[in-house]
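The data blocks that follow each hold one structure.
Each of the next two complexes has subunit A plus one more chain, namely subunit B in the first and subunit C in the second.
After this line comes the complex of A and B, so read on.
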């Protein structure tokens, strides 16, 4: 077996090459109660920072998505402290003033781009902060659609912005106020409420099993 | 590399894209009529609005310099701002990194960008109109004269201070007055035209800004102005939206708006102030 050495929280372990950081930690004997969720790169629970020997850079990534490398120094960040102020969406307007009132620290951004470099989803995080500052909520929502709320940008930001909470609010504002309503859905819901399909449904519910099977077989399907 | 002189890299700044959008729209149309191909710089970031005066605070210059890197990436040598604050911040950073050691450290930090090589000039709407367009050409492009409308020219502070990058003589500026004249207006020079409006105190101490705004508006009115123009969306906001009760109600516009109107652009903010006298076609101030 091709083994490599990794340092987990400062202690060295021999682990098989090709494992993800998460599996390597488990191989080394860690039981992950926190900092582990979907194991598929979606939940953002497994934020991890690491360095490689001879390289000054501090890397950030998701433990469940990142293969180990020889000599890696690994530390997991099971939780990112970040305050999310309470708000009621129906009382808000979708503009920059709303974002700044709830997250005034946005204005401290110095455009250092550290957040972007930290993002495991390769989002344009700084550009999203900049769009927040100019009140372009739709753009923020689009930039951050794939955010997994891992908090890595938030941990690295010298301006101490709680990015993922700003993103969540922006996507909510975008959905609630800036996205066109699906009028056909509203019409259909009204039709259902008015009983348009009641007859058909009642007929189905009162059918015998044989009648149901016959109806199923006779249904129209794509050729 | 010779660059197209009519192509103009443009840094809007946050205000122009948010509460000051109406200022931007007409101004850009007017610039197009003056023959400029205005191109917004890609992926710009906030200029930082207030610059640090510390000699070693490199971090505060990263944002402005990153914008200058984008201008460089467009192959341009100059960048236009419409806002006095952006002008000040970008200019200060452009000068700050003229010292090679600072530039080197900022470039080393911004390892995801091309190195900034310097040599980008920051121009403001006023310096563009004066130094490139020229008052004469400007006057020749006027389609609708302001026809003697009395326009108080408000500079505020950052256009003229610090002295090293003032857009004009910091004691006796005239560029805004000359522009107003070229558009057919009568500039109203008033003592408070270079007083600070209170700037960002508008966030936490709006009482101070209200006091300043009241003084500035009374002075403009007292000197006979029909309206006030600024070249800074923040000054405009402060003078207009922080206007204290009882202060004169004269309108506060962005200079580009009267420029646009005079050049025949549909400019609702100006049109709302002026009622065309059917007999003469002259603009006269209404309800001020």
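After this line comes the complex of A and C, so read on.
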């Protein structure tokens, strides 16, 4: 087995090459109760920073998606303290003033781009901060749609912005106020409330298996 | 381009050679008889040696996978004699166990039904939102287009479940579906829409109408994070890293809360509640029949164990959902979900020769069985036409470059950005090269028996989401799990709130757990096995073999 050395919080362990950081920690004997969630790159629980030998850079990534490298120094950041101000969506207007009132620290952005470099999803984080300052909620929502709220940008930000909370609010404002509602959904909800499908469903729930199989086979499949 | 080894590259050339013809001709769907033959021959559920009949409890005699039977036939992890549960640390109206989609929806709707936020607690094993809900990629079904109807949705669900579903649960789901999509719009969920607001909808396996609503391929994440934010807005408290290890019962046969256990400090906490909603999710991390899984780290069937000890009935747990397309290469990605949306956007499954061997959108169990038959060796009745990876994994191709060829350049990256990102990390560009897939353990089709209000039949205990059974029968269709947790999370939350307003819980006890342990003893179950397990064991064997408990 091809083994390499990784340093988990400064302590060296020999682990098989090719494992992810998460699996390497487990191989070494760690029982993960923090810093591990979906194990598939969706939940942002396993934010990790690391350095490589002979390299000054501090890298940031998700432990479940990143293979180990020889000589890697690893530390997990399983929790990011971040302020989420109280708000209720129905009392807000979808504009920049709303964002700035709730998150005034946005104005402290110095455009250093450290957030963007820290993002494991490779999002244009700083651009999203700038869009927030311009009040372009739709663009913030689009730029940050793939955010997994791992908190790595927030931990690196010299302006101390709680990015993922800004993004969450922006996406909700965009979805609720800046995107047209689906008229066909509204219509269908009204039809159901008026009992349009009641008779058909009443009949279906009492059908025998043979009748159901026949009805199932007779379905037209939309092309 | 790409990191595929040379012997696999040759197969990719065959895939490319057959592509023009495949783009022109779509494969046929199987008849119900052909589906049945395929399932009986190759679906893992039909391997009799994979399960056994339960020796104790309310579902005595029912066959379930050994991995689950081992947990149901196990003694309480928390020794009932070692703790005093009579004096609650928290006394609330509603305890929700599980901080995924179902639990969050239940808490929100209980609050909307008149339970004050400070009288609700969500307890969860990991963080609020750490769940299978957040990992769902492809979409959510709802019959809200003009040429669709709840009745057609109903038939699709029943056919997919081989007509084994509970009709009243299916009806509740299809009838509530459009209203929940509407609610999501109110909350600000960013569904994929045309500029005029019309939902972009596509097919899923086994659907007869294009009713799959999506939010790119982060549908589960988008819905879950909005719901979590809404629960925060309402001020509902969450106790994280505190799984429930046993339900509490009083002398009158009611469930009155649960004992939580702090994963970090090992303290226990007693929560007395007038009503309890079980929303603990599924069982993927049991790795049934050795399959890898798409599930989150905490999916260890805790809720089934707890509810069963309290007397709840279980159903359809002999039916395991293997998602046809789990990643099979590279090694780091093995078992991870490749959403059905990839096939919904016309990528075809192919064998080593570049031949399409099944319609891309059969119901999941049928599609999985077809993949397994294609890969199984001829001496095992299979066709032996899988692609073998350098580490000995076997898989079939999913011809992902077809997506952009049919839907236009950039379509894959726009609509399937999480899959794209996942592969590009490992130097595979799925818009240029096909990817290797094989079935992976994905969903718990069955679960705790409930009525259409999420009630388990035990006073005070409700269940919602993957932990309950009956909605999907023996096989769930894509897009009905997000729908299930929204529909039954809401129904359970409302019903639990109604119960809490009139309930009078007695002193909490663990009597039911003691009684269950006695039954196990009478049935001759050896005392070593403990449940729930809370987390799967992934630590290295060498490290484990030298571990000693000293502090």
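FYI, the second predicted complex is superposed on the first by the 220 of 223 C-alpha atoms of A that agree within 3 Å, B and C clash if a C-alpha of one lies under 4 Å from a C-alpha of the other, contacts with A are read in each partner's own complex, and residues count from 1 in each chain.
The rule is simple: a residue touches a chain if its C-beta (ideal position, glycine included) is under 8 Å from a C-beta of that chain, and two chains touch if they have at least 3 such contacts.
Fair warning: this is a prediction, and the values are worked out from it, not measured in the lab.
**Student:** Using the superposition on subunit A, decide if subunit B and subunit C clash or fit.
**Tutor:** fit
**Student:** Contact-wise, after the overlay, does A:126 reach subunit B, subunit C, both or neither (first, second, both, neither)?
**Tutor:** A:126: touches subunit B, not subunit C.
**Student:** May I ask you to name which of subunit B and subunit C touches more residues of subunit A?
**Tutor:** C
**Student:** Just checking: does A:89 make contact with subunit B only, subunit C only, both, or neither of them? Give me first, second, both or neither.
**Tutor:** So A:89 only meets subunit C here.
**Student:** If we overlay the two complexes on their shared chain A, which of subunit B and subunit C does A:174 touch? Say first, second, both or neither.
**Tutor:** second
**Student:** Going by the contact rule set out at the top, does A:111 touch subunit B (first), subunit C (second), both, or neither?
**Tutor:** Only subunit B is touched by A:111; subunit C is not.
**Student:** Should A:158 be classified as contacting the first partner (subunit B), the second (subunit C), both, or neither?
**Tutor:** It touches subunit B, and subunit C stays clear.
**Student:** Of the partners subunit B and subunit C, which touch A:219 in the superposed model: first, second, both, neither?
**Tutor:** Second partner only.
**Student:** Could you tell me how near the closest CA atoms of subunit B and subunit C get once both structures are overlaid on the shared chain, in Å?
**Tutor:** 20
**Student:** Looking at the complex, which residues from subunit A come into contact with subunit C?
**Tutor:** It is residues 18-20, 23, 26-34, 36-43, 45, 65, 67, 84, 86-89, 121-122, 141, 145-146, 148-149, 168-169, 171-177, 179-189, 192, 197, 200-201, 204-205, 209, 212-213, 215-217, 219-222 of subunit A that touch subunit C.
**Student:** Please give the residue numbers of subunit A that touch subunit B in the complex, ascending.
**Tutor:** On the subunit A side, the touching residues are 95-96, 109-113, 116-117, 124, 126-127, 130, 133-136, 158.
**Student:** In the complex formed with subunit A, which residues of subunit B make contact?
**Tutor:** On the subunit B side, the touching residues are 14, 17-19, 43-46, 48, 59-60, 62-63, 66, 109-110, 112.
**Student:** For subunit C, which residues are in contact with subunit A within the complex?
**Tutor:** Residues 29, 32, 126-127, 129-131, 134-135, 142-147, 149-152, 154-156, 158-159, 163, 167-168, 171, 174-175, 178-179, 181-182, 185-191, 193, 195-199, 203, 208-210, 215-216, 218, 220-222, 225-226, 229-230, 232-233, 241, 263-264, 294, 296-297, 331-332, 336-337, 417-418, 421-422, 425, 535, 538-540, 543-544, 547.
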